[in-house]
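Next come the structures, one after another.
Next come two complexes, and both contain subunit A; in the first it sits with subunit B, in the second with subunit C.
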Partner chain A sequence: MDINLLFKIAGIGIIVAVLHQILTKAGREDQAMMTTLAGVVIVLTIVIKEISNLFATVRTVFNL
Partner chain B sequence: MDIIKIIGIGLIALIIIIILRQYRPEFAIYISLIAGALILLLVMDKFSGIISLLNRLASKTDINNQFLLILLKITGIAFLTEFAVSICKDSGEAAIATKIDIGGKVIIIGRSVPIVSALLE
Partner chain C sequence: MEVLKLILYALVILNSTSIGFLISQKYQKRVDELKDFKSAFTIFKTKIRFTYAPLKEIFEDISKSIQSRTKTVFQAVCLYMENENATESWNKAIEEATMEINQEDKEALKTLGKLLGKTDVEGQINEIDLSLTFLETQIKKAEQEKEKNAKLYKTLGTITGIGIVIILL
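This part shows the complex of A and B:
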């Protein structure tokens, strides 16, 4: 489970970069911005879920 | 065997960051965050083993169990603050890193007041 999180984020990053390039070349800068924001939001949800998982584990282990 | 997994995650994250840095620089921070979290999660399993050993040893001796709990809390706080500080430094925000560091130190000192007072009496 853990390693494909990295690949998932890398994939999203590359797709967002490519889409941004295509959309800007096609003259639709606003849609390019939307796709970039959507990519960032998706990645952030994954990252925040993983970080909260880490904090919960640390809290249980060190009984903070 | 686990060290190979830790090194593997670190190197894969490094390679992905290098690829992504020229297209979307902000994704480098997300990947370093995720890689750090994954490696720490791997380490946490080892930590729980060590802590149960410490508890068993402390229960044999007549040391007050309260002090060991405080020490564990302090280690946990230091563990998390170090995680946040290194991420902030990595992304170039040294000011925020020092603020988190100061906050962590103050909380640790706050936690260690019972030990200090017990020592002085």
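This part shows the complex of A and C:
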């Protein structure tokens, strides 16, 4: 796992936070919600491989 | 390869920024067009009051004296008035106008057409005044919408571009 992944996720987090702020200020709360949700989904799709890696490692460590 | 990638990322940001800019410009254009109509109506009123010229000539004069896309509407009215009466040609020209104004604005503009060329000078002037007040409320509405949305779309475009680049990185 390289450190770039963390930076990428942090970047997406910042962008989503800014988007949320802008949209709520413009009175579009529902769209702000949707962007936050989209951000969560995007980050999840990025990290899902790492998570499955982690589970596989746990399994091999404890011989399950 | 790295340089090419960087250039493409820059292009993505540039593109989404310009898309945001274009969308925000629509609101400004709507306000401008409504203001053009307002000044055109004022010219119309003065011409009717002082020159007693036929409607077609007045419309021709107006289309010459304003610069923006609004003048195409008045040109279209002149064209349609060859065969149809004033009300029909005004409504048709407004309906066919390809501008940023929305349906609500078009309805407000159409109030002018209802009695166009059917009453005496006083009646015409009253009618223009009436449609000017309608236009005034539409301009206010358009300005409020511009305040609310123009800045939003500008920042939204840039930030979406940066977001896409970060995801692609």
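The definition used in the following text is that the second predicted complex is superposed on the first by the 59 of 64 C-alpha atoms of A that agree within 3 Å, B and C clash if a C-alpha of one lies under 4 Å from a C-alpha of the other, contacts with A are read in each partner's own complex, and residues count from 1 in each chain.
Methods note: contacts are C-beta pairs under 8 Å (C-beta built on N, C-alpha and C of every residue); 3 or more make two chains touch, one makes a residue touch a chain.
If you're wondering where the values come from, they're calculated on a predicted model, not measured in any experiment.
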item	value
Fit or clash between subunit C and subunit B when superposed on subunit A	fit
Which superposed partner A:M34 touches (first subunit B, second subunit C, both, neither)	neither
Subunit B versus subunit C as contact partner of A:I42, first or second or both or neither	second
Three-chain overlay, vertex subunit A: subunit B-subunit C angle, C-alpha, nearest 10 degrees	180
Of subunit C and subunit B, partner touching more subunit A residues	B
Touching partner for A:L19 - first (subunit B), second (subunit C), both, neither	second
Which of subunit B and subunit C A:V61 touches, first, second, both or neither	first
Minimal inter-chain CA distance - subunit C and subunit B, angstrom	16
Residues on subunit A lying within both footprints (that of subunit B and that of subunit C)	16
Subunit C - residues contacting subunit A, complex	148-149, 152, 155-156, 159-160, 162-163, 166-167, 169
Residues of subunit A defined as touching subunit B within the complex	2-3, 5-7, 9-10, 13-14, 16-17, 20, 36, 40, 43-44, 46-47, 50-51, 53-55, 57-59, 61-64
Subunit A residues within the subunit C interface of the complex	4, 8, 11-12, 15-16, 18-19, 22-23, 26-27, 42
Interface residues, subunit B side, partner subunit A - complex	8-9, 12-13, 16, 19-20, 23-24, 26-27, 30-31, 33-35, 37-38, 40-42, 44, 47-48, 51, 69, 72-73, 75-77, 79-80
